[in-house]
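Here chain A shows up in two complexes: once beside chain B, once beside chain C.
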Partner chain A sequence: MKRILGIELRRSSALVIGLLFVVASLAMLYLMSGPWQNGSAEWTTEWTASAMWQRYLLLFSWPFVLGAGAVQGLRDHRSGVGELMASVPKPRWHRIAVLCGAVGIGLGSGALVTFLVGAVQVSFHGAYFSFGWLPILLVGLLALVASFWAGMAVASLAPYLLTPPLMTAFGFAAVILLLSTPGSGTVADGAVPYRVGLLSPAMNGPSDAFTTVAASVDVGQAVWFAGLGATAFALLAARSVRGRLVALLPVLVGVAVALPILPTDKATAYPVDADAAAPVCAEGLPKVCVTTVEQSLLSTVAGPGRAALALLAKLPDAPTSVQQTTVHQPQGGGVRYDPSTVPFDSNDYLWKPVSGLTPLTPEELKTSFLAGAGTRTCLGSREEWDQRYVRERAARTVAAAWLAGQYHPLPGRSAQYANADVDRLGLSAWNALRALPEPEQLRRVMALRSAALRCDGDLLDVLASGGAR
Partner chain B sequence: MRFVVLYARSRGIPAALAAVVVSVAALMGLARATDSILYFGLIAMAIAAGAWGSGFAGEDPELDRTASVRWPVYRAAHLLVATAVAVGVVLALWSTVDPPLLPPGVVWRDLAGLAGLTALGAVTIGGRLAWAPPLGWAAILLLVPPDPTGVWPVITWLAQPEGSTAALITAVVLGVAGFACYAGFGPRPARW
Partner chain C sequence: MTGKEDDMARTVSASEVAPTTYAWEIKAEGLVVKAGRRRAVNGLDLSMGVGVHGLLGPNGAGKTTFIRALATIARPSDGALELFGEDVRRARDLRQVRRRIGYLPQQFGYYRRFTVREFVEYLAWLKEMPKQDVPGAVQRAIERVGLADRADDKMKTLSGGMVRRAGIAQAIVNDPAVLLLDEPTAGLDPAQRMQFRELLHELRADTCVVVSTHLVEDVAAACTDVALIDEGQLVFQGTVADLAAAGTGSDVGDSDTERGYSALLANHRRPV
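Right after this comes the complex of A and B.
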């Protein structure tokens, strides 16, 4: 058995497929520019994110795994050994099991090597460690091997030269369709119910370092791919029509069991990892806290955060701490948060430079905490090209200027072209505010702060009128 | 005539034609149902070019070579006709609806390049795997958005707008190289 496994490893496409998988995946990860290398959770910096990005990459490689399985499945037909093998007094499934094992070893080691390349870099990066990546990786391996077997099974039933390209093309169609779930942000947003979309072997990459994959997603996907693999194996081993019909049962059962397990919305499927997001605070008071995964930010944030809190103290009901938030602003904006904290989202355009190449200066960081008198923006990231964005940013800049006593443009690398507009509006509002008597200035800034906390109304109007209420 | 019929049959041309028509139509149905026109369009064009790949090599290329037939002429004609049919099918299905899902200029450019890639595949890795290069290049576009700067118009040539010079040059280079190599050298003999 062992000897035959060795022969199959050499004579089947197993090792070639494994090698191709590694080369193609690493070529994508290193040579192409994609979200896996410029987000706040890169495939080389965080454990869970690394595993999730490699699952994202299956969008590209999974259809070829199906097609490669089909190419492998054509082998027996090409060499015309069906009758010869049937005459051997040995159950058919013995031979199939060895071949399936060989391709499983080849493809599985390919996927493992790809993950290891990321994992070694992550470990040198000194990232926060948890075992969150393990189920993501294991389900990915199961999905790859089961899909390869499924390709082999289909090709053995339909032994035509056109089977591999057609399976690949329709594999692409399937994965594009499955990722078009509600809220996916793709063009076909909402074409497929969320839980059906989770049957896809590929998943969307994480938007931050503390996003993880819910256990229900791992279990549901594992059940479905185990069913697929069992059906593929049984189809390959079956010798009669009845056997083939029975072989379809596992995949049907797998889908039937998996669908009720899979969550119905993104927040449940990709929750915040509580341990990774647990706050880590700088020593002493006032409190300045970041999430555990982004601990390295703490030394950068602590000084400017405290300086900003000291300036904010002149407001009544002033916030008393600076905290990194794990809730990102949705497209429509309007996230609620505790008004006694100054929240910051490391995913905001403002914060990208902190983990990027050009770090913000302490002075710029302080200005960003003072923006909007210590409040969050109410606009989602997709609204940066909007006039509302320009007006909100101008008002937030003025509030920061009033607290600091000096006008500084807010830091942030995106929408540079809008900065001139922002400063034009901001400077005139700043001069108008400074012309008012001192108590009125405070009242206007407080009106702006409470409007910003409620995400209600145009902040620049509030600043100019002192708020209708 | 008899030669043409026998040639077409030996190269699986009817099956490839059926596969192209059915899959391009099915992918168009999906594209219209989901509004995901770019992705399904790329896959449709890649399969429209790649499906002919297995026919670019006969059952036994080494045996073919021993015949006193002017193969380069037939190979050239085969590739050109296959490309034209692929363009015709995609244009008929994707560009006749109003507004056209894929502009005709893009279809011509992309299919010329993809057919060249398929032919290069037949020359280098054999007819049975010749579908992989066009589908592989199309798959890159699923992960990398089309970018007009630097070297990216060459890598993302499939999804560049109609007026892109770099994309056009890439398509022409791939098309001409595929045509010349396939007509000149012929397919790689199958090893398995």
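Right after this comes the complex of A and C.
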């Protein structure tokens, strides 16, 4: 049996497919420019993110896995061994089991090696460690192997030359359809309910280092892919029409069990990992805290954060701490938060340089904490191209300038084309504000701050008029 | 080392030394086997014991269907078929029977990327041979068909005749008590045919070999016994000498056996 497994490993497509999987995956990870190598959580810097990005890339590789399975599934038909195999005493499923085992080992090793390449880099990066990546990886392995078997099963039932390319085409159609959940922004937005979309082997890439995958997603997907694998195996082993019909049961049961388990919205499916997001604060007061995964930011943020808090203290009801937030600005904007903190989101355009290659200077960091008098932007990521963005940013810059006593453009690399417009509006508003009597200046900045906290009205208008009394 | 010495050294299982409880390895009575809708074997009565039996008949006579029934692939639809005294139609589990059968199909399919040794070993595994016997049995089978020098070459690099011999190697690897060879000499050159006949000579002492062919001279040279079937029924069973004696100078053929073959067939087909 071990010897036969060895023969199948060498002579089936098992090792070739494993090798191809490694090469194709690494080629995508290294050669293609994508969020996995320039986003907030890269595949080489965080454990969970690494596993999630590799699941994300199944979007491209999974359809080919189906097709490769179909190629392997054609072997018996192409070699015409049916007659000989029908005469042997050993039950058919033994033979199928060894072949399925061999391709499982080959493909599984390919996926493991790919993960290890990321894991080694992550461990050298000194990243926050938890076992959050393990279920993501294991479910991915299960999905790959079950899908390869499914390709084999389909090809053994429909042994035609066109079956492998059709399986690949079907795979692409399936992943694209499953992507089209409500709010996905794809062409067929809302074509499938959110929980049905989670049946896809490919998952969302993480938007930050503390995003993880809900246990319900892991369990639901594991059940469904286990059902798929069991059906594929049973189809391959079955010799009668009745056997094949019975073989369909596991996948039907798998889907029926999985769907109620799977979550119905993105926030539940990809929650914040509470341990990874737990605050780590700098020693002493006032409080400056970052998330555990991004602890390394603390030394950078602490000094400028405290300097900003000291300047903000001249406002009535001033915020008393600087905290990294795990709630990102939604596309539509407008996030509520505790007004006693100055929240910063390491995903914001303002913060991208912090984890990027060109770090902000402490002075620039301080300015960014002072922006909008210690408030968050109210605009979503979709609105960067908007005139509203220019006006809000100008107003936020003026508030920071008033607190610091000097006009500095806000730091940040995105939307630089708008900087000239921002400064033109900002400088004239800054001059107008300075011309007012001191108490009125304070009143205007307070009005701006409270409008920014409520995300209500145009901040530049508020600054010019003093807002509604 | 020769094959004979290997034979002496190999372990003998209990089932091999147990006394047989049946008179014939193969026994068919009124056997009907369908190929599709056609009754390709149609009321065949035939018994075969140890020895080499040539299964002769024109194309479409039902030779292949009969062999497939013997290989327990085609299910008989009527009559009785016993292998080793076991009724194949009633047997709950054919595994025991199948372990003692070797089969070379007419269209011998194989995995192209396997080496000869790997393919024969794979079949030995499928035939549920005891694990410890496999490597020796594989080597012996490959040597007996004269493929020892190509044992570690991939199947796809073999010529047609070599593939046929590899097919014979997998059929004999489990030392079957019933060896079914459907057109085994197709694609073999004269030297290889001679070697094949020698192999049959070796086997005939302890094996029931059924060689299906439509080449009469193969039978004349290597078989102890001939069964001639036509239209799914037994026309003649006897020795090669009996076959030769059945013909007269007026029958079609280049040799006595061929003339006997023609005479028996013509006689069978003559309307009564």
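What we mean here is this: the second predicted complex is superposed on the first by the 465 of 469 C-alpha atoms of A that agree within 3 Å, B and C clash if a C-alpha of one lies under 4 Å from a C-alpha of the other, contacts with A are read in each partner's own complex, and residues count from 1 in each chain.
One rule holds in what follows: a residue touches a chain if its C-beta (ideal position, glycine included) is under 8 Å from a C-beta of that chain, and two chains touch if they have at least 3 such contacts.
Keep in mind it's a predicted model, so treat the numbers as computed, not measured.
In the three-chain model built by superposing on chain A, chain B fits alongside chain C with no clash. By the touch criterion stated above, A:S33 is placed in contact with chain B alone, chain C being left untouched. Of the two partner chains placed by the overlay, only chain B lies in contact with A:P164; chain C stays clear of it.
Chain A has more of its residues touched by B than by the other of chain B and chain C.
In the superposed model, A:F64 lies in contact with chain B only, and not with chain C. By the touch criterion defined above, A:R95 reaches chain C but does not reach chain B. When the shared chain is aligned, chain C comes close enough to touch A:S87, but chain B does not. In the overlay built on the shared chain, the residue A:V120 is in contact with neither chain B nor chain C. Legend: residue contacts after superposition of the two complexes on their common chain; A:R75 is shown touching both chain B and chain C.
Within the superposed three-chain model, A:F172 lies in touch with chain B and out of touch with chain C [touch as defined at top]. Look at A:S180: by the touch rule set out above, it reaches chain B but stays clear of chain C. Rounded to the nearest 10, the angle at the Cα centre of chain A between chain B and chain C in the chain-A superposition is 50°.
Between chain B and chain C, the shortest distance over C-alpha atoms in the superposed arrangement works out to 5 Å. Annotation: chain A residues 75, 79 touch chain B in one complex and chain C in the other. Those residues of chain A lying in contact with chain C across their complex are 1, 3-4, 7, 11-12, 75, 79-90, 95. Listed in rising order, the residues of chain A touching chain B in the complex are 24, 28, 32-34, 57, 59-60, 63-64, 67, 71, 74-75, 78-79, 160-162, 164-166, 168-170, 172-173, 176-177, 180, 186-188, 191.
Taken in their complex, chain B has these residues touching chain A: 12, 15-16, 19, 23, 26-27, 30, 33-40, 43, 46-47, 50-51, 53-54, 128-129, 131-132, 135-136, 138-140, 142-144, 155, 192. By the touch criterion given at the top, residues 68, 71-73, 94-99, 101, 103, 105, 107-114, 118, 121-123, 125-128, 131, 134, 170 of chain C touch chain A in their complex.
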